[in-house]
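Below you'll find a set of structures to go through.
One chain, subunit A, appears in both complexes that follow, with subunit B as partner in the first and subunit C in the second.
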Partner chain A sequence: MTSPFAALQRQLGPGKVLLSPAERGNYRFDGIQFGVRPLAVVLPETVEDVVAAVRAAKAAGIPVVGRGAASGLSGGAVPLQPSLVVSFTRMTGLTIHPERREAVAQAGVVTLSISDAARPHGLVYPPDPASFRTSTIGGNLGENAGGPLCFKYGVTGDYVLGVEMVDTDGEVHRLGRDAYDLTGLLIGSEGTLGLMTEATVRLVPPAKYSRTLQASFTSVEACAAAVSAAVSAGAVPAKMEFMDGACIGAVEDYLGLGLPREAAALMLVDTDGDDPAQVEAEMQLVEAAFLAAGGQVRRAETETEAAALWQARRSVSPALGRIRPLRMNEDIAVPRSRLPQVVAEIRALGEEYGLPLVQFGHIGDGNLHPNILYDPRSDDPAQVHELAHRIALVALQHGGVLSGEHGIGSMKREFMADAVDPVTAEAYWAVKDALDPDGRLNPDKLLPPRPTHLEDSHVHS
Partner chain B sequence: MTSPFAALQRQLGPGKVLLSPAERGNYRFDGIQFGVRPLAVVLPETVEDVVAAVRAAKAAGIPVVGRGAASGLSGGAVPLQPSLVVSFTRMTGLTIHPERREAVAQAGVVTLSISDAARPHGLVYPPDPASFRTSTIGGNLGENAGGPLCFKYGVTGDYVLGVEMVDTDGEVHRLGRDAYDLTGLLIGSEGTLGLMTEATVRLVPPAKYSRTLQASFTSVEACAAAVSAAVSAGAVPAKMEFMDGACIGAVEDYLGLGLPREAAALMLVDTDGDDPAQVEAEMQLVEAAFLAAGGQVRRAETETEAAALWQARRSVSPALGRIRPLRMNEDIAVPRSRLPQVVAEIRALGEEYGLPLVQFGHIGDGNLHPNILYDPRSDDPAQVHELAHRIALVALQHGGVLSGEHGIGSMKREFMADAVDPVTAEAYWAVKDALDPDGRLNPDKLLPPRPTHLEDSHVHS
Partner chain C sequence: MLHAIDACVHCGFCLPACPTYALLGDEMDSPRGRIVLMKDVLEGELSLHDAAPHLDRCLGCQGCVTACPSGVAYGELITSFRGWSEPQRQRGLLLEARRAAILRVLPSPAVFQAAATLGQVAKPLAPVMPKLLRPALDLLPNRVPRRNRLRAFYPAQGLKRGRIALLAGCAQQVLAPNFNEATIRVLTLNGYEVAVPPEQGCCGAAALHTGDRPLALGQVRRNLAAFEPQEYDAIISNAAGCGAGLKEYPAVLHGLPDQPQAEALAAKVQDIAEFLGGLLDRGELRPALPATRPLRIAYHDACHLAHAQGIRREPRELLRWISGVEVLEVPRGELCCGSAGTYNIEQPELADQLGELKATSILSTQPDLIVSGNIGCHTQITTHVGRQGGAARVMHTIEVLDLAYRGEL
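So, the complex of A and B:
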């Protein structure tokens, strides 16, 4: 049987269009989620290649799924139907404009390489998702990725001045952020409204100085209160990372760093800025608030000591891999004041299901990553999924949201029905239908199920 | 003849629904533009009142135009058809949440009063449109208003965490900024997609120290080069305001401050921050760059001196009113590197049309306000409009945009056909039709004319 994309392969060349089952099979998954093998994979080198691919998919009536480095954790880049995958890894054009403090990056540019190219000009691109050494800017745009620095410096979308986008018909749009902010609408839309092929992003001078503190607390309540007190006192740390007791134990089992196993919470905090006295003064605010809340505080005196303190946080992922081979990594964000109760309720749920569960995250903006650890050979995937759903409901019950920085993708899509009320779901679907009337752009991602009476009208029209 | 809003008046009470011609006549205009007298004016006190008004307008098939303090300069709040005007000035609920660094403000809250209420908690709301003593947050949201501080601190949309919105059917949405960023889409949409009734905005601690500098240049080229050199050297001033030679002359005629009449450009610059040494160091970067470009520099040593230097910039509006009774205030934004040529071309256009024209603006982000001064008793309005259009085209030819901070409204709506290519205009209209299928929300504002083939499909469907 001839592939519907054989003509596209002849048009673009065999190196740009993968049709063999073995090659296509590599494009089923992201960092955690699995989907189905795509019908074809396009590796565009120019926006014209993207246009050709999108038009071929339209002619064949086949879904289109964009993909960067596939380091995502929520399945945004995972095809759920037989699809055309557009993998942007060869679109790596990058230009730094120091005088305008801007970078123009094609979708396949690795996030960290923007800062690497800008640093000789005294500039950096601040958003720092954990995967930023491998993730692409296109994927970051699709998920509106955050990172430890986002409490102080903001998320991906805060740095985007404009994008180039190929729509479902293969038309190319060059969008700024004026009039209707379609750029803002596209950011975080997980490829369901169009494929972003290039972005112009803002660069800023990096902070010249930083200070590092590690603190442990005997309760999550004390830790959360300490964080709130520090923020209320005027501190805006660059990073504020939280690890729960289970997480501390996992890292300590792994590396034996001498972490306090008896602690219920460990905090890592960096302050930064251009004036060393100011950076120190801000850290003193944090330290005073943490001590007043009963925290045990350690300060790094050198960069080497700072790196040693941060090693605990950086070692979380490999430490968890030793406990169970797989994990379901949630990404809720809740009001900071609710953290103690949220952490306690989620811990109790883990115990109820008998599954190892650790919690860590960017506590400054209430972004928590409860990780369910499991072994697919012995644990029931349905139980894991049910536990993940109940964790999502805890976040929503406390006024939180389903995603702090990883996106909704396929993993949490089902939970969106709990998170979005029907009247707003209708507005989402109205926008989706307006920009993707055939529903071929990354289907079954992000959006809650279509409200029933809309589904009727869609079927009958 | 009974008003289609007589029943609404009975429902809400006569004080909330104005039907008499005299009362309605006051709602025809904003700060500059004139429109038609509305059919009725609603003064809602609650979101339920807004819902009732929007539903009454829907039942009667009549357009709805939102309105704040009517201090806008582009006609966004001006009804162009017989409409229902929803004037938000009584919806003034305001709550400060210091521990979350957030304010919840209803649409009618005066912009400056957010900072007034937050300052006792050590917090402010930075966006500072020139009208911020009278403008409302709802109007600022509709136009995504900026101000002098926006170069360093960002515009209205950068501070919005979520909104409450009443859609064209009278349904209430509470929107955050996750999933599809409908909040971001609404901000700057000038009431064409929904009526924002409340916003949750981010507050920040105000800078503790500031320094002020005034500088004059013998050419706009030297001034623009000086600004670019200062920014490239790492300075991010809080404010960077520019006045051209005609503007200097107008202010000097008015107040006799001793400004250099022979100068082609005057700059006012503030640096700010929490560390006085850092604030001074940043100003020294600016001063060095300005001196190297041939600028004559004056530094303020005290707050009184700083206020005296700023008086020149603050007096621009009254100074212009003495020259001609009316003015057309444009609001283009162009790449900073193009400013010298843009200022020269616009000055030449003013001379060609024989109309007094001054230019000033927030030069840090290339936002320029060319003001055409005219007298409707002696000057031809068609000539004024044509000149305004040619100024808009100069901005577009140099890679700029039609609005830096005032919005498009009715004033520049016609020019949008030059600014937005047809394929993106189609995307705008697709979104507009999705969220406002009857086209009753603030018609004939912001959007370029509907592309022809879309118009056909709209008529036939």
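So, the complex of A and C:
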């Protein structure tokens, strides 16, 4: 059978449209799950290539799924039905405009390389998802990615000034904040409204000084109280990372860093700024609050010591890989004041299901990553899924949300019915239908099920 | 094999560490992509024929192993996959002949010496030679050094502190005999007697990594018979690829009757930088003379030293230990130079692009001298630095130390 994309292959030239089974099969997964083999994969080098691809998909009535480095953890870039995958990894154009403190990056630019290119001009791009050495800016825009620095510096969306976007008809739009903030609409839309091909992002000078502190607590309650007290006292740390007791144990088993195994919570805090006295004063606020709450505090005196303290946090992923081969990385955000109850309830759930479970996260934002560790050969995937759903419900019950930074994707889409009220769901679908009437842009992602009374009026492609 | 494949959570952290992904920007030419290809082939979802081009493009540099947060043993995966799949491969007659020739000529110093000398004569004819032979000719140096046979034994100088066995290597002994000569001089000067067991042969890594398991097994067993581990304090290699190859012996013979012998041998294997670095750490290395002028040395991490053996610190510290030497870090130093065993003969275009990238990165540090710990990198970097008009010489770490001991650095 001739592929509907054979003509596109001829149009774009060799190497840009992949049709063989081997080639297509390798674009069916992200950092968490496998979907189905796409019908074709396009590796565009220009926005014109993207336009041609989207038009070919429209003509064939086939869904389009955008993809960056596919390091995502919610299934956002995974095709769930036979689709055309547009992989942006070759669109890597990057221009730094130091005088405007802006960078213009094509979708496939690796996030860290924006800062690498800007640093000689005395500027950086702050959002720092854990995958920033791998993930692309296009994927970060789609998922509105965060990272440890988000408490003070914000997430991807806080830095986007404008985007270039190809819509479902293959029309190119350049969106800024001149009238309606359609840029804001697209950030976090997970490829369901259009394909973002380029972004203009804000750059800032990096902080000149930083201080690092590690603290352990005998209870999560004491830890949460300490964090709240520090923030109330006026501290705005750059990073505030949390690890629970199970997580401490996992890292200690892996590396033997001398972490306190008996502790129920470990905190890593960085303060930063341009005035060393202020950075130190801010760290002293944190230290005082932590000590008052009964924390055991260690300060780093040198950069080497700071790196050693941060090694505990950086080693979480490899440490967990040694307990079970796979993990479901949950990504909830809850009000900081609810942290003790949330952590306790999730821990109890892990015990109920008999699955190893560790919790860590960017606690400045209340962003918690409960990780269910499992082995697909011995653990029941249905149980893992059910546990993930119950964790999501815990977050919602405490006034939280389903995603802090990884997006909803397909992984948490079915939980969205619990999270979004019907009126809001209807508004989401009204926007989706306006921009993607055929429903071909990354279908089966992000949105809760379509409200039933809209089901009848919707024209299926 | 499937068990090891399952350890990959496909997070993608390996992508930026992969040289072919850096060049091609295509998932299929990334470690994660290749793992999925292997999985699909093993599970019968995909034909070997469809997957092979992308698996063949893997350099085996193991940069991804360093980058992997889940500890996936990618090197073992691709090696065992190639061993499994090679008997099923169908290549053209010429390709098959070239492959067989490379794997048999390289490991035999006498044959390789003859071939290299012949090749030198043919080198000016390279542009008109068949395309299949051209890359091999391009790699040959303009002058093949005179053949130098090593003795079986070199006594220690001064007070004897121990006994070392040296893996002389095969192609290296033809292309750069001074690596072994310098190694022997530095070791004997430090009080170690050095044996070069004459029965030894190729370490087997080239055959193993390209999937010729029967040939590799023969070479491995020949060395098991040649080296008696209990007689030596260490079995030293000065070629990163060969050292990594020797350390792989237990995995190669896993489950076979001679596995214990392989383990005994591998336990004694050390790279020359690893061994001398140990002496330096313990304050036991004999002092060297300072460099005669300040020297900026760009140190290139050979993949099989840095990624496969985890040896990064020792060579840098040994170089820095010589007064007057400044060690420079090469931008994107973790990326392979493109030499990778027989890769630059089998995948000449990608190897060339990587060599060019590496030479540009190295020259950007404005070095007086370029140093690495592997003959393959040495040849590749010499070629590409030369093409870019760089004047800096390329040397082995041990040559630098040797010169420093003689006050000639």
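Just a few scattered comments:
To be clear about the criterion, the second predicted complex is superposed on the first by the 458 of 461 C-alpha atoms of A that agree within 3 Å, B and C clash if a C-alpha of one lies under 4 Å from a C-alpha of the other, contacts with A are read in each partner's own complex, and residues count from 1 in each chain.
The criterion applied here is as follows: a residue touches a chain if its C-beta (ideal position, glycine included) is under 8 Å from a C-beta of that chain, and two chains touch if they have at least 3 such contacts.
Because the structure is a prediction, the values reported are computed rather than measured.
Touch criterion met: A:376 reaches subunit C, while subunit B stays clear of it. Of the two partner chains, subunit B is the only one touched by A:278; subunit C is not.
By the touch criterion defined above, A:424 lies against subunit B but remains apart from subunit C after alignment on the C-alpha atoms of chain A. Looking at the shared chain after the overlay, A:248 reaches neither subunit B nor subunit C.
Touched residues of subunit A, counted separately for subunit B and subunit C, are more numerous for B.
Residue contacts after overlaying the shared chain place A:185 against subunit B, while subunit C stays out of touching range.
In the overlay built on the shared chain, the residue A:40 is in contact with neither subunit B nor subunit C. In the three-chain superposition model, subunit A touches subunit B and subunit C at no common residue. By the touch criterion given at the top, residues 6-7, 9-13, 15-16, 25-28, 33, 36-37, 40, 45-47, 50-51, 54, 69-71 of subunit C touch subunit A in their complex. Residues 18, 20-23, 25-27, 29-32, 43, 69-71, 87, 89-90, 92, 108, 110, 131, 133-135, 317-318, 321-322, 325-327, 376-377 of subunit A are the ones touching subunit C in the complex. Subunit B contributes residues 98-101, 122, 157-158, 167, 171-176, 178-182, 184-185, 187-189, 193, 205, 228, 231-232, 234, 236, 274-275, 277-278, 335-337, 401-403, 408, 416, 420-421, 423-424, 427-428, 430-435, 446-447 to its touches with subunit A in the complex.
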